[in-house]
Amino acid sequence: MIRFTAILTLIFTLSVPFMVFAEEAAPAGPSLGLTISNVWMMVATFLVFIMHLGFASLEAGLTRSKNTVNILFKNTLIPAIGLLTYAWFGFNLMYPGTFNGILGFAGFGLPFPTVGGALDLSYNEGYTYWTDFLFQGMFAATAATIVSGAVAERIKLNSFLVFSAVFVGLVYPILGSWKWGGGWLDSMGFYDFAGSTLVHSVGGWGALIGAIMLGARKGKYVDGKIKPIPGHSMPLATIGVFLLWLGWFGFNGGSVLSADPALVSLTLVTTCIAAAAGIIGAMLTTWTISKKPDLSMVLNGCLAGLVGITAGADQMGLGSSFWIGLIAGGLVVVSVMMIDKMKVDDPVGAVPVHLVCGIWGTLAVGIFGAMAGMKQFGIQLLGVGVYGITTALATLIIFSMVKATMGLRVSEEEEVEGLDLGEHGLEAYPDLALQPGAKSSAL
Amino acid sequence: MIRFTAILTLIFTLSVPFMVFAEEAAPAGPSLGLTISNVWMMVATFLVFIMHLGFASLEAGLTRSKNTVNILFKNTLIPAIGLLTYAWFGFNLMYPGTFNGILGFAGFGLPFPTVGGALDLSYNEGYTYWTDFLFQGMFAATAATIVSGAVAERIKLNSFLVFSAVFVGLVYPILGSWKWGGGWLDSMGFYDFAGSTLVHSVGGWGALIGAIMLGARKGKYVDGKIKPIPGHSMPLATIGVFLLWLGWFGFNGGSVLSADPALVSLTLVTTCIAAAAGIIGAMLTTWTISKKPDLSMVLNGCLAGLVGITAGADQMGLGSSFWIGLIAGGLVVVSVMMIDKMKVDDPVGAVPVHLVCGIWGTLAVGIFGAMAGMKQFGIQLLGVGVYGITTALATLIIFSMVKATMGLRVSEEEEVEGLDLGEHGLEAYPDLALQPGAKSSAL
Amino acid sequence: MIRFTAILTLIFTLSVPFMVFAEEAAPAGPSLGLTISNVWMMVATFLVFIMHLGFASLEAGLTRSKNTVNILFKNTLIPAIGLLTYAWFGFNLMYPGTFNGILGFAGFGLPFPTVGGALDLSYNEGYTYWTDFLFQGMFAATAATIVSGAVAERIKLNSFLVFSAVFVGLVYPILGSWKWGGGWLDSMGFYDFAGSTLVHSVGGWGALIGAIMLGARKGKYVDGKIKPIPGHSMPLATIGVFLLWLGWFGFNGGSVLSADPALVSLTLVTTCIAAAAGIIGAMLTTWTISKKPDLSMVLNGCLAGLVGITAGADQMGLGSSFWIGLIAGGLVVVSVMMIDKMKVDDPVGAVPVHLVCGIWGTLAVGIFGAMAGMKQFGIQLLGVGVYGITTALATLIIFSMVKATMGLRVSEEEEVEGLDLGEHGLEAYPDLALQPGAKSSAL
Amino acid sequence: MKMVSAIIKHFKLDEVRDALNKIGVQGMTAIDVKGFGRQKGHMEVYRGVEYEVKFLPKVKVEVAVSDYKLDEVLSSIQSSAKTGEIGDGKIFVYGLEDVVRIRTGEHGEDAL
Amino acid sequence: MKMVSAIIKHFKLDEVRDALNKIGVQGMTAIDVKGFGRQKGHMEVYRGVEYEVKFLPKVKVEVAVSDYKLDEVLSSIQSSAKTGEIGDGKIFVYGLEDVVRIRTGEHGEDAL
Amino acid sequence: MKMVSAIIKHFKLDEVRDALNKIGVQGMTAIDVKGFGRQKGHMEVYRGVEYEVKFLPKVKVEVAVSDYKLDEVLSSIQSSAKTGEIGDGKIFVYGLEDVVRIRTGEHGEDAL
C-alpha cells in the first residue's frame, strides 16, 4: 500500500505542471445567452452527480448487508477516481480536437483557453470550458459504476479500483472520442444522443465480461438450480432508482448542451414518458410471468426505459417514447431471467438494464422518431457491434491482467463472511450485532 | 392479468395517432426571457418530481416493515400512471382552453402547437408546451400519492392502482379545470396559488374517504382504546419530509410560472418561513400535550406549514407566513389526535396534513396577506366547500365501484402476514430473516 | 413548556410590526441579467438547504440507533430555529450596512427595500433581497448543525435547542459581520470565500468546546483505552456525505453571488477536484495506517476536501485544488486519531472535518492560488486566530450558562437507555422491538 | 421447578402474556425465533425465480414456574395461544435444577 | 424425550435441516445467536482504532426428539454441520419432561 | 454437566464474559431476548397516544459447565451482573445430559 501511495504521489507531482493554474479567471462581460445555458448545464451536472448516489443506493439495496460497506466504498471511490483521471488525461483523450478519428490526445491536465488572461468565453455558446469538463467528467464516472453492480459481493477491492481507473481513464474516453469526440463513427452518421451505447452499453459490456470472469456468487447456482439471493433493503434500492431518474433529467437534458427551451423540454418529456412506460412494461411482464408483481423488476424497468430512450431522447415523439420505454421494461424482465438461466450472476441486473436496453435504445433510433430508416438502422447496428466488440475485448484484457497480477476474486472464506469484514473490518449495521451499549436497553 | 395487458396494449395502440410526433422540434431563436424562465420551470419540475420519493420515504417510514415493499411499489407506480394518463387525456381535461367552465376536453394525446414545423415558442412567456405539460403532470401525480398513505397497510394493490388511475386521470384534472383551467371557480375569484385546495385538499378528501371505507388496521382500535402502531423507520420518514420540503421550492416557486425574480424569491421565503413555523408550532403543541416531543408530529408539522402556505404563498408577508405556519403546525397535532379519537385510521397523517391544513391554508388567503377580506374569505369558503363535496362524492363513487368489482381490502390473514408477502412475495429487509448466506457470519 | 410557549408567542407578537408585509410585490420589468443570476442563486439556496438533510443523515448514521430519533429531531429543528432567528434579527446583525466594523444592527424583521411600492430590484445585480436572505439564512443554520454531531448521544435536548438558537441567532451573525458584513477583518484583507472559517471553523470551535464540556460518552474511554463506538448505519452516513457534496455545489458555487459563468464553473471544478482528492487522501492514509480502508474515514475525507477548498474555491487552479483536498483528506484521518487520543469524544468527526480542515483551508489561501503570499498568509492566520478565540470564548460562555441553568448532559441512565426513549419516548426502528403485529409473521 | 418454553405465533404474544399474568405469573422471557414444522413456509419470488422460505417467524416464550403451577401454566398458554390452525406451535417442559435472582442472590423457589 | 440444541454456522443451516428431514425429523426451531468459544473473533477497525468483536454470529437449532431417535439425530447433525475447522459448534442435549401441541392439546410423544 | 442460562442487562455482557473467562470458562452463547418481570416497561408516546412497551431488551447468556464448576460459575455471574436494582435478571440451571463437539465428535465432558 505504501508503495502504491508513493507512486501515486510521484505521478501527481510530475503532472502538476500540466495542470495550468487559473489564477486570473476574472470574466469580461459574459453574454446572457451563455450565462443562461451555463446555469442549465451546471444544474445538469449536479443531476448527473447525484446519479452516483443513486447507483450506490441501488447496488447496496440489491445486495446483502454483509457486503454493503464494500459497495458504498466502491461507489464513493468511483467519482473520485473518475474525476481525477478525467482531469488528468481522460477529457483530452475523449475530446482531442481534430484528430485521426481513432486515437488522439490533447495533453495532460486541463489547459483552459484564455483570452486576455481570462477564461475564453467564446469556447462554446452553451457552457464554459470548466462546465464542459465537469459535466463530461460526471458522465465518465457513471460508466465504471455500471460495472460495479455486476461484480458486487465477490470482487477484490483493490482489483476493482485498478480496473475502474483504467476503464474510466482510458477505455471510456477513447471509445467516446469515436463518436462524441468527432471520430470515425461520428463521421459515419452513427447517432447516440446521450449515451445508450457510449455510456450504458459500454458499462454493460464491462459488467457482462466482469460477471462472467468472476463467476457466480457462492450459493447462487446449486445443483443446476437458481437460488435467488435477495438484496437486503428495498427502500435503499427504491431511493436509488428515484435518484437515478432525477439524475437522468440532467443526463439527457444536459446532453442538449445548451438551454434551448424547445429541445431540452422535449427531451425531458420523452425521458419521463419512457421511464413511466418502462415501469408499466416491467410490471405487466413480471405480473404475468411470476403472478406476483416484483418491486425489484419494476425498479429495473424504470431504468430500462431511461436507458432505452437515451440514444434518441431528442429525436422522438411521445408515442415513440412510450413504445421504446414499454418494450425496454418488458425486455429487462425477460433478459434478467435469461441471463440468470445462462448462469451469469449479475446481482443488480446491470447487464439487462444497461447492455440489453442500451442496445435496444441505440437501435430504436433507426426504428422510431425523426431519424428512422433502414440506412440509419444499419449504421446504428454497426455502432452497436463496434462498441460491443471493442469494449468486450478491452475489458477482457484489463480483467485478465488484473487477475494475473493481483487476483480478481476474494477467498471463499471472505465471501461467506462478507467483504465488509474481509476488506474493511467494518459492518454496515453494527448495532444489529450484539454490542453492549449499542442496543437501547432499559437499565 | 394477461387480459388486462391485452386491453392496455389495444388502448394505447388506438391512441397513438393522437400522440403527435415531434420529429422536427428544431427551435428558431428562442427569446432569452423564455429561455431563463423555462430553465427555472424545468428545475421546478425536477423538484416536484422528487416529492414522489419524498412521499415514498415518508409513507414507508411511518408504516410497518411488513408492508414496505407494497408502499414502495405503489409510490413507484403512481408517477408512472400519473404521467401516462395525464399525457393521454388528463392535461387536456385540465386545460381545455376556452370551455363552459365545468367540463372541457381538448382531445387525446399532446398535440403540441407548432409554427413553421417547429415548436411554437410563443405558447407562453414562461415555459414551452413541453415544460408546461411535465410540470403539471408531476403535480397531478402528487394528489394520488396523498391518498396512498392513508389507505396503507390494508388496501389491495390492484384496487389501489385502478383507483389511482381514475383519480389522477379524471377527478383531479376535471376539478382542476374549474380553477387553474380557467373554469367557473376561477371566474368567481377563488384563489389557490399552488394548490392547498386543488392538490392537497383534493388528495386529503380522497385520503379521508378511503380510510373510512377501508376501516382501521387490525389491532389499531381494540376494546375502544387506541393502540399506536409505530412506523418502522424514523430515518426514512425524516428523509421523506426533507425531500418534500425541497420539492416544495418547486411546487410553490414553480407555480409563479415564470422566473420573475421578485415574486419567485418572495414565494420561496414565505414557503420556508411557514415550514419552519410549522415545525415550531407542532413541537410546542406536542411537547405541551404529550410531555415528550414527538418526532413524527414535528415532521407532520413541517408539512402542515408547507400545505398551509401553499394557497397564498405569493400573497403573504413574513409575519403572515409565520402565523399561517405556526397555526398549521398546531392544527396538525390536534387533528391527528382528533381523527384518531374518531377511529379513522390514517397511518401517516395524510388527512390532518393535507386536508385540514389544506382547508386552513385556503381560508388563510382571506384572513392574511394582500387579498384578506370578508368577501374573499367567503369565496375561499365556497371553494373549500365545493371541492370538498365533489371530491368526497367522486372518491366515494370510485371506491364503491372498485369495492363492488374487485374488493378493497386484503384478507385478514394477508394483513397479519403483511402485504409484502401477500401481494409481492418479497420482503423489504430479507437479511433480517434467517437466510443462510445473508448474514455476515464468520466461518 | 407552556410558559416557554407563552413567551415565544409574546415575543413574536411584538416583533410582527417589524416584519413588513410584502403585499404588493409585483415586479416591474426585471433585467434579464438579474433574472438569470437570481435563478442560479435560488438553485444554490436549494442545494444549501439539502445539506441539512445531509448532516441529519450523516450524524444519524455515525451514531447508535438508540439515539437516532434524537439526532433527527435536532437536525429538523435546526433549520427551523435558524431561519426564524435569522429572519427576526440574525440577517440584520450580519449585514448591518455601514457600521463600526465590530457590531451593528439594522433592526428587527426584514424591512425589504421598495421602489414604487414594489420590491426594489436594484438591490443587487445577482439576486433579490428575498433570495439574499434565504441563501444566507440556509448558510447560517449549517453552523449550528456542525456542533450537533459532536455533542450527540449525550446532550439534553432543550439545552441543545437553546444553545443553537443563541449560536445561530447571535454568535454566527456577529462574527460573520466582521468579514462578510464588511467589518474590520474584511477591511484588513482577510479572505474567506465561502466560509472555511466563518462557517466551518466557527461551527468546529463550537463542536470542540461542546464535546470537551460534555465529556465523553459512557464507555468510550475505559481504563485509558479507546473503545470504538461504531455508528449504526453506513448507508445513512454515505447518503449524508453525497448530499453534502451535492449541497456544496450551492455552498461554494452560490458564494459567487451571481451566475457569472467563468467564476461559478471554475468554483465548481475546484470544489469537485478537492472533494475527490480528499477521498483519495483519506483512503491512502487510512489504508496505510489501519491496513484496512475505513469507509467512515473516506466519507470524512470527502468532507475534509470540501471544507478545505471552501475558503479559496474561486482563487485556485486545478493543481492547487488537488493538493488542498489531498492534504485535507490526510489531515482528517490523522486528526480523528489524535483527537481521540486526547480523549475528546466527537462521534462524527466534526472537529477534524470542520475545525481542522477549516483552518487548513483558510491558511491555504495564503499558500496556494492567486492570493498566495507571506502577507496574505499572515492575515489569514490572524483571521483564524481571531475567530478561534472569540468563538471558543462565546461557546464556552453559552454552554456554561446553559449548564448552570438547565444542565447539559442527560442522566447516566438515560444515556445507557438511549436518548430516543429518554427524551422522546420513541424508537427509531420500532419493528426491531418485539411488537405483536409489527413483524411480518405468517399466521 | 420447571421451565416452560412455548413456541407461539407473534400476534398471540400479548394474549399469552395477559393470560399468564392473570394466573399470577409475573416474569417471562420472549425470543424471536424461526420455526420449521408441519406448517409449510411461504413462497417468495425474486427476479423471476420462485423459492420457498422455509422458516417462519415465531416467538418463543420462556416461563420458569414452581412444580405445582405447571399444569395451570400449560393450559393457560395452550388456550390463549390456540387458533386451531396448523402452526399454532408447541410447548416444551424442562426440569429446572436451580434459579438465582441476580439482584439478591436468592436461590430456588424464592428466586422465581 | 430429549431436546437437542445445536450451535452451528449460519451457512450450514440448510444442510442440517435437510439432513434432519431425511431421517424423519419434521419440526425444528432456529434462533440467531452469538457465540464465544475457542474460535477467536474478528478484528474490526473503526476510525483508526482496532478492536475485537468477540461474539461471532451462529445459529442455534433446537429439535425435540424421542429418546430412541437421539443418537441418529446427533450423528446426523454432527456430520452435516461439520467442516472440520474450529468454530463448528456444539450440540447440547437436555431431558424433556413434556411436550404439548398447542393446536390439539396432545401431550408427550404424540405431540412431537 | 449443567447448562447455566442467565438473563442479564445488555451493558453487563462484557463484564460477565470477562468474569467467566477469569474462572476458566472459555465458551458461551449469547442471545438477544426481551424480558418481562418485576421491572416495569417504559412508556412511549406515538402521535399523541401513550403506551407501555412491556418487554425490555435483555441478553441471555448460556454456559455449559461441569457439575463441579457450577457454584463458581453461578456466583461469578451473579456478582458481575449485579447492579442492585430491579431488573438485574435471573439465572436458570438445567441438567445437561450430553454435549457433542461437532468438529471432532467428542462427547460429554471432553466436548466442553
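Just so it is clear, A, B, C, D, E and F label the chains in written order, and each chain counts residues from 1 on its own.
What we mean here is this: a contact is a pair of C-beta atoms (placed from the backbone, for glycine too) under 8 Å apart; a residue touches a chain by one contact, two chains touch by 3 or more.
Nothing here was measured: the structure is a model prediction, and the numbers come from that model.
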Inset, instruction - Show which chains lie in contact with subunit C and also with subunit D. - result: A, B, E, F
Inset, instruction - Among the listed pairs C-F, B-D or C-E, choose the one whose interface is a repeat of A-D, with over half of the contact pairs the same by residue number. - result: C-E
Legend entry - Same-residue or different-residue interface between subunit A and subunit B, half as cut-off: different
Legend entry - Pair with more cross-chain C-beta pairs in contact, given A-D and C-F: A-D
Inset, instruction - Quick one: report the Å distance separating subunit A from subunit B, using the average Cα coordinate of each chain. - result: 32
Legend entry - Mean-CA-position distance for subunit F and subunit D (Å): 18
Legend entry - Gap in Å, rounded to a whole number, between the CA centres of subunit F and subunit B: 51
Inset, instruction - Provide the list of subunit C residues touching at least two other chains, using ranges where the numbers run on. - result: 32, 36, 39, 43, 219, 230, 233, 239, 290-292, 294, 296, 416-417, 421, 424-427, 434-437, 439-443
Legend entry - Residues of subunit F engaged with two or more neighbouring chains: 11, 30-32, 34, 42, 44-46, 50, 55, 57-58, 83, 85, 87, 94-95
Legend entry - subunit B-touching residues of subunit A, taken from the complex the two chains share: 32-33, 36-37, 39-40, 43, 47, 64-66, 218-219, 229-235, 238-239, 241-243, 245-246, 249, 253, 259-266, 268-269, 272-273, 275-277, 279-280, 283-284, 287-288, 290-296, 298-299, 302, 314-320, 322, 326, 369-370, 413, 416-418, 420-421, 427
Legend entry - In the complex with subunit C, residue positions of subunit A that touch it: 1-2, 4-5, 8, 12, 16, 19-27, 30, 32, 34-36, 38-39, 42-43, 45-46, 49-50, 52-53, 56-57, 60, 68-69, 72-73, 75-77, 79-81, 83-84, 87, 109-110, 118-119, 121, 127-131, 133-134, 137, 157, 233, 236, 239, 423-431, 435-443
Legend entry - For the subunit F and subunit C complex, residues of the former touching the latter: 11, 34, 42-46, 50, 53, 55, 57
Inset, instruction - Could you please specify the touching residues of subunit C with respect to subunit E in the complex? - result: 226-228, 230, 286, 289-292, 294, 296-297, 333, 336-337, 340, 349
Legend entry - Residues of subunit F defined as touching subunit B within the complex: 44-51
